[in-house]
Structures are given as structure tokens and as C-alpha cells.
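Next come two complexes, and both contain chain A; in the first it sits with chain B, in the second with chain C.
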Partner chain A sequence: MKTLNRVFAGLLTLLATLPAAAEIRVFACEPEWSALARELGGDRVSVFTATTARQDPHHIEARPSLIARLRQADLLVCTGAELETGWLPMLLRQSGNAGVQPGRPGYFEAANHVRMLEIPARLDRAEGDVHAAGNPHIQTDPRNIGAVATALARRLAEIDPAGADHYQTRQRDFAQRWDAAIKRWEQQAAPLRGVRIVVQHKGFPYLENWLGLRQVATLEPRPGMEPTSGYLVEVLEKLKREPAKMILRAVYNDDRASVWLSERTGIPVVTLPYTVGGSDQAGNLFGLFDDTVRRLLGAMP
Partner chain B sequence: MNPAALDFSILGPALCAGLLVLATHVPMGRQVLARGIVFIDLAIAQIAALGVIAAGVLGWEPQGPAVQVAAVGAALLGAMLLTFTEKRWPEVQEALIGALFVLAACAGILLLANNPHGGEHLRNLLVGQILWVNYGQLLPVALLTAVILPLWFGLGERLGRAGFYMMFAVAVTASVQLVGVYLVFASLIIPALAGRFHPARRQLAVGYGVGVLGYVLGLALSAVFDLPSGAVVVWALATVALTAAAMAKRK
Partner chain C sequence: MHKPIFMAGLLFAAHVTQAAEPPVNPQQLRDLEQRVRELEAAKAAADKTATRQISNNFNPAISLILDGKLSGFSRDPGSYALPGFALGEETGPGEEGLRLGESELVMSSNIDDKFYGQFTAALTPENETEVEEAFIETLALGGGTTLKAGRFFSHIGYLNPVHAHAWDFADQPLVYRALLGNQYGDDGIQARWVAPTDLFLELGAELFRGDSFPAGGAAGNGKGTHSVFVRLGGDAGESHAWRVGISRLDTDAEDRATGDETAPDLFTGSSTITGVDFVWKWAPDGNPKRTNFKFQTEYFTRDENGTFDPASSGTPLAHDAKQKGWYAQAVYQFMPRWRAGLRADRLKADAVDAALAGTALDNAGHRPKRASAMIDFSNSEFSRLRFQINKDESRQDQKDTQWYLQYVMSLGAHGAHSF
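Moving on to the complex of A and B:
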């Protein structure tokens, strides 16, 4: 009985000291930002991720732990650009954590630190599920990750001034490895330049822009909408005139529409990991782009 | 496991929402079972959502009281239709309710063909998330409950067919937006089912007991095991109801 008591006491002490070991608690909305926070923070940060790679970050189910974690967080790192409007505002309100509300240093939106694409010239409900701030799927271009890393390291230093040197050193180290990796990916992906693609959801403008892919059609007539039969006929006609080499979809998209098109046209479907954890090979940020480039090249004849 | 999530300030608003929903839905559920029309809440919720979509198509503001007026208005129209059909063809009322449900759902899809933003409203209306509830949202529902309950128990049989459908439509429109359609269905049917195994004078009390215990247990388990709260509450309600039914004396 005494030994058992001692074991319990030991466990309790362990539980009590565990959170104190990490200094800054980061709440990341998407896996790519939790991976980046770990790269930059090392053991000075502990990171919680709200969504997994196989979830659509537009919609998530509410769990009590989300509120509990955000309540304790020192820094919130999200994509922004309205990607999380379906749940983040409610979560922020329920958390009651003043330090991570919009406008405070504890609130970090990655989309503020990159050049946004597809900013609509006019906002019209008829145009579909468009985001006023531009397309929010910024993580498919590694140059964006690099830009966000610089800003995030600065923000971490602002939250945790004692660790400023730590973050700066780690950011420089990351930037060096990252820039070298981008050069490597760009060399590998050179044959992809000008290749025509079909996308399921308009989720890849940054990837297309980076690698020079040419999107000829999308399977959703407008973002977030199911295709009609007339629209699908139009897509098939277009592909006869301008044959595409591959159909891209993110791992969390439903595969029916892309499989349907692939069966009728013989164009292969490429499923991209889309974020860290989206495939077995995409275990970290480097693996994410290694795997993305490899899968794209694999679909080339 | 995350015991930190077992925090009343996180689960409190959700529990209050659950108790408010139970207050009206447990007695209404007994009526629904007696009339054999268990899918009526799905149909009413879908019709309320259709009202919201129609309002969006007409260009009304997507937020604010206009949406509530549209939702309640549509639900009341649906209730009037159901009152009429029950009087005219009582033997196929359940089938008509089912048909009305798919018709309303498909009408929504057709209206939304050119307005994907309406899709979000539809989703929000049907899949309410009980954890996102705050006390401010609970106030109007509490007032509504305070009006419905005395009328329900005060009038009893005198409420009549039309009175039942009207009150049901208003209550379901409000509760679906708070906790979502799965929890509304579970709160309506499961406690009432458990009550039927007990003598008539105890049925209501058993129903309320099952409902309250189910919500408390479900919310606590969802916090401890970090699972989506609504779905865990539904399973907790069913487990508590089974236990309560098993405890009833054999007839």
C-alpha cells in the first residue's frame, strides 16, 4: 500500500511539473503551423493542434479540449483569411482568454505575412464560397512557409522575450535548410512547368503559382458547390480541347468527383498530402514537400 | 484523457442548453411517441431551415432576427400543414411526415443551387454545436420555455391537435439551433421511450431523470475522453435509458 501511495505521489508530481517544463503554450489551428512552431520553438514551446491533416479545416466538431487548450494558450497560430470562420470565433469567445483575441500579440494569422492570391475584385454571393481576403490555402507554396517562419519567430520573441535569441537562432537555421530544400524541389519539379491540371476544389493556386502548373478546369463550378450535369459536360468538352495531365485533390476532399472524371477521361488522379501528416511520408514540413513533388512527378508520363 | 477540460465554465453553458431543451422535449416526446410520429422533429427542423434559405434567396440579412422570423414562420406553416394532414389522413401521417422531410431537404438544395453561402446557414441550423452555446443565446430560449411549459401543462388535452403542432414547431426551431438535430431527436425520443417501461404516473419523472443524467454523463465523458460532445451525449442518453428501462418492474 505504501509503495502504491509513493507511485501515485510520484505520478502526481510528474503531472504537476510537466506543463511547467515548456514555457510557451501554442495553439495551432492547422498541422502545418504546429510543425512550424515546433521547428522555431524547439523545447521552449509546447504545441496543441486543433485539426488533423485528414480534416477539412473549414469545419470541425466542437470538443471540450479545444476550449480548455485555448484557455491556457499563450499564442494562437492560425491561417486566417477566413479559413477558420466556421469555428474559431466561437472558440475564441468560449475560451475567455484575453491574450489570444484578434489584435493582441497572442493572435497570429499566417495569411497576413504572405502575398495573397485570388483576392476577389468584387464580393458577390453568386461567386460561391469565396474569401474576401484571398485564397486561404497558402501552405502549398514553401516560400510562404518561409515568410511565415520569419514573422512567427519575431512573434514568439515578443511573447517570450527571454527566449528571443533562441528563436532567432532556430529561425536562421530553419531558413537556411528551408531555402536549400526549396532549390532542390524547384530543380526536381522543373518538368512540371506548364503542365495542365484539373483541380477538384480551388485549393492549389499557390502550388500552381510556385511550380508553374496551369489549371484548366475545376470540378466545382464555384468554390464549395457541387457540380451540375451541364457543368460536368462543359469540363469534359474543355478537356478534349486542352487535355490535362493530372487531376489534383487534397487528401481530405471526397474522392468521388475526381474518380468520376478520371474514369471518363483516363487522366490520373493525384492525391496530395496538403499539409503535415496528410500522408505517411509527410511527417514534417520537409517531408510534406518531398512527398508533394514526388507524387506530382509520379503522375507524369 | 484531459481532466483540465472537466471545467464547469466550459461545460456549464452546454449543460444549461441541454436542460432547457429537455424541459420542453421530454413531455413533447411522450406525445410524439403516443401519436407514432417520431420523425416529426426532423421534418420541422428541415422546414425551418428551408425558411432560412428562402429568406436568403429573397435577399434578407443572413444574421439577426429576420432569420429567426423566417425559420419560425416556415416551421409554423409546416405545422399547419401537418395538422391538416393528420385530420384528413391520420393512418398515413408518419409516411406524410417522412415525405415532407425529403421534400423540404431537396427544396433547400434546389434553392441553394446558386447560393453556396446558404449552405453554411443550413448546416449551422441543422448541426448546432452544443459546446459553442453561450449564456446570451440561452436567454431567449429560456423565455420561450417559460411560455411553453405552463401552456403545455396548463392546457393539457385542451391544447388540441393544432396547439400541439404549433408549440412543437416553435420549440424545435429554437432547440435545433442550440444543440443540433441529432441531440434534439435524442432528447425527444430516448427519455420518453425509457419512461414507457414504468407506470404511467412515474413516466414523466423517469424521462426527466434519464435526460438530465444522460446530459451530465455525456458532457463529462466527452471532456475526459476529448470526443465531440453532441455525439457522446446521444450515446450517454441511450445507455442511461436502457438502464432505467431494465430497472422497471416486469409487468
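Moving on to the complex of A and C:
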């Protein structure tokens, strides 16, 4: 009996240490969305991030820890557009959480709120890992982040009506600071317009579109396939004919292919943080783009 | 109507611009033309795909698994046996030479906002179709609870619910072959619950018809088999993840037929399996793309109590004995697309009464074991080629060198894999 009492006491203490029920628990698939949820939610939300900047969001294991976190979430915020198709469906089915299933207010896909680029006209696996809905790496254009912020604030208010004013105020404040920052970044990045670049993975179309960068080659022979030596030689030949100014890779990409090419061409490699936490300077969304623009400019002759 | 005026305006504007500014250099012009072309192409693609996207969303995801093997054995696979174990159907090392494996056709979809459904048909190389899995699952019960009904692989153990194409070796561990007839799947219902804790804790229970090995004959009016399982898992830092599980399967068998097809051995009684499983995965920074490592091990013990009628002779003999086994395997992706793995297998069956001497249950003083090594290459996540070699000592006093060259390819929808 005594042990039973002790067990109950232990359970009660455990319950008491659980986050207060008023907090909206957000499960963010990628760090950029957890940063955005914090910007908009402030202390009304507690955020769990499923991946880090050093992980490739295409290739995540449906780990037990992720199931446990999704089980407790009130709102799931993911990129969508099939970026998480290898693991999120499994988490959703295993979590037993009705509120975050597709179609419910607790399920939020960022890609639904921006204009998608690179929507394939032809779906063929011989083309590599192409996404029918378009290129899912939308977070590299800050204007997309702004559009998602508006939609996410609305969604937070739907999930937590008592905090509607709170989210709206924070969203307005964020939008003001964000728009000012975009103007600043665009001014700083003006010299980058028309600059020819090589990318590791087709992961930068939104950045290219925003800053006017021109992608001339990719290191992956097909999206999602590791660079092969034969293909890299082709890229090398191509770059002799059509030179580029820099080689871009995300921090989670394997660095060997880009280093190999850089050594042979003298073109500098620019490792971009790609998302929040991808570099020491990219501690939040503002830092992410400060650092991205700085690194790009740093590679200019 | 307004077009000519508009065109005139445009020409005028162009003229003015040209007059006012220095001429555009050809490179800039080409850049601009290129950008216009890209934008037009993107827009055209967007328009084209908009309709297809919508209609696609309502179709089930379809994937097809193609599997084939070239195998070689130093012993006749027809003589395959595990002394001390009555084996279920199709539990040998397979056939020699070129052989198609099972082709799996999988369709799955959210049925509506409350249900998910999945259907897996296995087309055997003998041109037979088997319904491997056909189940529905709830999505909207909430509170961490999910119910499943239909035909499915039991969630006992780590490897049992995993489809053959997702195994890391070309064949099953011996303990699965001997105690579970490769894999226990049956018609049934399942309830599972995930606890609201950061540490993953899942409890589950299942009730089955009891038609497949180690059950048989659908005892207890077609609901004589049940199971429970508990799983615990989590991360250890960013690079490590683990899961442990314990499970128990209680079955009743009525005239469970094993061995020879025309005069099978018949078992009637209870068969209880208890197991523990552990899996640990490592990937630097949690990014498995370049290198990763996976270790898994499982231990099962089976207690059978009833009567055994060798070769349907009509004189059932009392049988009460324990059989157990384990395997451990490690698979390392040492560079992108390439993995290598090692596996060790051990089995042990209790000695039986003198009356059962010479039957399949007679262990003949032998403890079956096997060591395996494999290397595989995945051109993409949809294709895999594998070479595997086994040093097999399943049979008493007979060493068998077995090798497999295998392909496993998946067409169609991305299959999301469980941990």
C-alpha cells in the first residue's frame, strides 16, 4: 500500500511538472518554422523542433522520440509539398493524435501559403526525387516566410481563440520588422543580381528567384542522388565553358563534392546556414538571412 | 480593339527608354530573355499541374515492390531442417538458382478524416496471389489511441511487422523462421496507445483468428490467439536513437500441420511466445545520408504444451517443451549508397521424451546456428542490390554455405518506413 501511495505521489509530481495546459504545443518539422512559431506565439506556445539544421529533412527516421512528441502536439507546422513524405505520414499514423491529422486545424503546411517554383511538368523517377507540388525548399526566400507568418498567426488564433489578439499583435510587429529587414537585405544583396552559381542540391530556387542569382549547374546528377565522380567531371567541363562565381551548399550537405570542384576550378564554396541554427550567426530568422546575405557577398570578388 | 493603341504605346515607351538610357548590353539582354523564358516555363508548368494535383490527391498511393534472387547452396535445400523444431510453410532457405521473389502490390490512403486503409497483395513466383495485409486503422480517436482491424502482421518483436522488402538481409533470422513461421500475420484487431510523455511509451494488445503458424485451426471459435506488447524508446543526444520492446503471443493450435504435406505432423495445444527486442541507431548529427549504423537484437522463447501426432499417425504423443533463440545484427552504411552487415543466429530446443525421438521435435543433440554477412548498394532510395553469404549450421553435422544475389526495387509512391 505504501509503495502504491509513493507511485501515485510520483505520478502527481510528474503531472505537475508537465507544461501548463494553457500553452499551445507546437511540433515543427523544420527549425525555420519553430523559429517562426516562437516569433508569433511568444510565451503562449512551447515549441518542439523535429529536425536540426544539420539534418536533411528529406531523410529523417520516424524515431520513437518524434512519435512521443507528436502525440502531445496541438499544432503541427511543416513545410509540406512532400518534403517530409518519407517520415511524417508514419509519425502521424503512429501518434494516435487526432488533432494534427491532415485536414484538421492542427495540421499546417507552410508550402500551401506561398507560390511554388519548379513544379515539374513531367513526373518520372528517372529525373530523381522530384516533388509533384514543386520545390519544397521555400524558406530561402524571406518573402515566403512573411507570407507563411500571416497564415500561421491566423491558424494559431484558430487553435487558441483566447490568444487571437496576442497572435495578431505579434504578427503585425513581426511583419513590420521583417519587411524592413527584407528591404535592407535586398539593398545589401544588389551586387548579387545575375551572379552565376553552382548548387549542390536543387535547394535554392527561391533564394535565386529572390536575389536574381543564376543557377548554371547542380552537383547532384538528379535531385536526391549523391554526386558521382563521372558526373562531377561533366560539371567541371561545363564550368570551363560557362564559369560561375560560387558553389552553394546547405550546411547538411556532404562537403566532399563541393570541395573537390572548388579545388579544381578555384570557385569558392559558400556554405549557407539554410535554416535557423545552421550557423552560429543564424540563431533566429533575422540572423539566418543576415548571415546568408553576408556569406554570399563574402564570396564575391 | 485597344491592342493597336497599346502596341503603339509600348513601341513609343521602348523608343523613349532607348533614347533616354545607354543601350542595353547583349549579355544583359540574354540574361533577361533567359529569365523571361524561365518564368514562362514555370507558369506553364504550374497551370498544367494544377488540375492533375487535385485528382491525384483522391487516389490511393500505390507502390509495387519487385524482388528477385540468384541463390546458391552447398547442400540440397530440399533436405533443410532445424532439428528440434516443427517448421511452418515456406521456411527454408528458398530455391537454388534464379528465382523471382514475392512481388508486393501496396495501396494505401486515408479513407476519410477518421480512417486509414492499406492493402498489400503478394504475388508469389508460383503465380498465386496472397492477401498479405489488408487493414483499416483509426486516425481520429485521439488521446494516443489507435485501433486497427483486418489482416496484418502482429506488432510483437521488432522485425515481425516489417515487410520482407525492408529487411536488411535476404532472409529472416532463424528464430523467426523456427518460432514464428517467418513472420506472424493473421486476421485480427489491435489496440495501441502512446503515452503523453516525452519518452516514447507504447502499449498494445491484439486478438487474432489463430489460423497461421504457430497458431493453427482457428481455435477458440476463431479468436483464440492474443498478444500484448510494450515499447519504450527515445533519443540519446542528436546522434543516437533507441527502442526496446517486450512482447508475448499466446496461441492455441488445433491440428496445426507442419512437415510433410501429405502426412503432416499435427500439433494441438497451446504455444506461448515471449520476446524482448532492442534496436539502436546512430547517425552523425542525426543525418543518416552519408553514414549511419544500426544494431538490432531479439530474443524469443516459446513454450508449447499439448499433443504431437507425428506424420498424422493417429496416436498423439504428449509434448511439453521449450524452444528459444536469438539473433543480433549490425548494419553500417560506410559511404553513401553502400552498406555492409553482419548477423549471428542461435537456436536451442529442449530435449523431448523418448517417444518423440526421431520426429521433427528431436533436437538430436544439435543447436542450430548461422553466421551471415551482406553488402548492399542502393542507387537511390527506391532500388537496392544485395549480396549475402551465410555459413549455415541449421542441420545436424552439416555445414551449408548459402549465398544470395538479390534485387529489391520499389515503384511508385514513397513508402514511409517505421523506425
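The criterion applied here is as follows: the second predicted complex is superposed on the first by the 274 of 301 C-alpha atoms of A that agree within 3 Å, B and C clash if a C-alpha of one lies under 4 Å from a C-alpha of the other, contacts with A are read in each partner's own complex, and residues count from 1 in each chain.
Rule of thumb we're sticking to: a residue touches a chain if its C-beta (ideal position, glycine included) is under 8 Å from a C-beta of that chain, and two chains touch if they have at least 3 such contacts.
Model, not experiment: these values are computed from the prediction.
Peer 1: Superpose on chain A as described above, then tell me if chain B and chain C fit or clash.
Peer 2: clash
Peer 1: So in the superposed three-chain picture, is A:68 touching just chain B, just chain C, both, or none of them (first/second/both/neither)?
Peer 2: both
Peer 1: Is A:121 in contact with chain B, with chain C, with both, or with neither (first, second, both, neither)?
Peer 2: In the superposition, A:121 contacts chain C only.
Peer 1: For A:283, decide between first (touching chain B), second (touching chain C), both and neither.
Peer 2: The answer is neither, since A:283 touches no partner chain.
Peer 1: Using the superposition described at the top, determine whether chain B or chain C touches more residues of chain A.
Peer 2: C
Peer 1: Which partner chains sit in contact with A:98 here, chain B, chain C, both or neither? Use first/second/both/neither.
Peer 2: In the superposition, A:98 touches chain C alone.
Peer 1: Just checking: does A:56 make contact with chain B only, chain C only, both, or neither of them? Give me first, second, both or neither.
Peer 2: It touches chain C, and chain B stays clear.
Peer 1: Quick check on the superposed pair: does A:223 touch chain B, chain C, both, or neither? Answer first, second, both or neither.
Peer 2: first
Peer 1: Scan A:90 for contacts with chain B and chain C and give back first, second, both or neither.
Peer 2: Touch partners of A:90: chain B and chain C.
Peer 1: Should A:214 be classified as contacting the first partner (chain B), the second (chain C), both, or neither?
Peer 2: The answer is second: A:214 touches chain C but not chain B.
Peer 1: If the two structures are placed on top of each other, which part of chain C overlaps chain B: 41-49, 77-85, 131-139 or 311-319?
Peer 2: Given the superposition on chain A, chain C and chain B clash at 77-85.
Peer 1: Mind sorting out which residues of chain A both chain B and chain C touch, each in its own complex?
Peer 2: Residues 59, 61-65, 67-68, 71-72, 86-87, 90, 93-94, 96, 125, 128-129, 222, 224-225 of chain A touch both chain B and chain C.
Peer 1: In the complex of these two chains, what residues of chain A are touching chain C?
Peer 2: Answer in residue numbers: 18, 51-52, 54-56, 59-65, 67-69, 71-72, 82, 85-90, 92-99, 101-104, 116-121, 125, 128-129, 132-134, 194, 214, 222, 224-226, 252, 254.
Peer 1: Under the touch definition given earlier, write down the residues of chain C that touch chain A in their complex.
Peer 2: 28, 31, 34, 42, 44-46, 48-49, 52-53, 56, 110, 113, 116, 137, 139-146, 192-202, 231-235, 238, 241-243, 281, 283, 285-290, 336-337, 379-382, 411, 414, 416-419
Peer 1: Quick one: which bits of chain A touch chain B in the complex? Just the residue numbers, please.
Peer 2: 59, 61-68, 71-72, 86-87, 90-91, 93-94, 96, 125-126, 128-129, 222-225, 228
Peer 1: Write out the stretch or stretches of chain B touching chain A in their complex.
Peer 2: 2, 4-7, 9-11, 13, 113-117, 119-120, 123, 129-132, 134, 219, 222-223, 226-231
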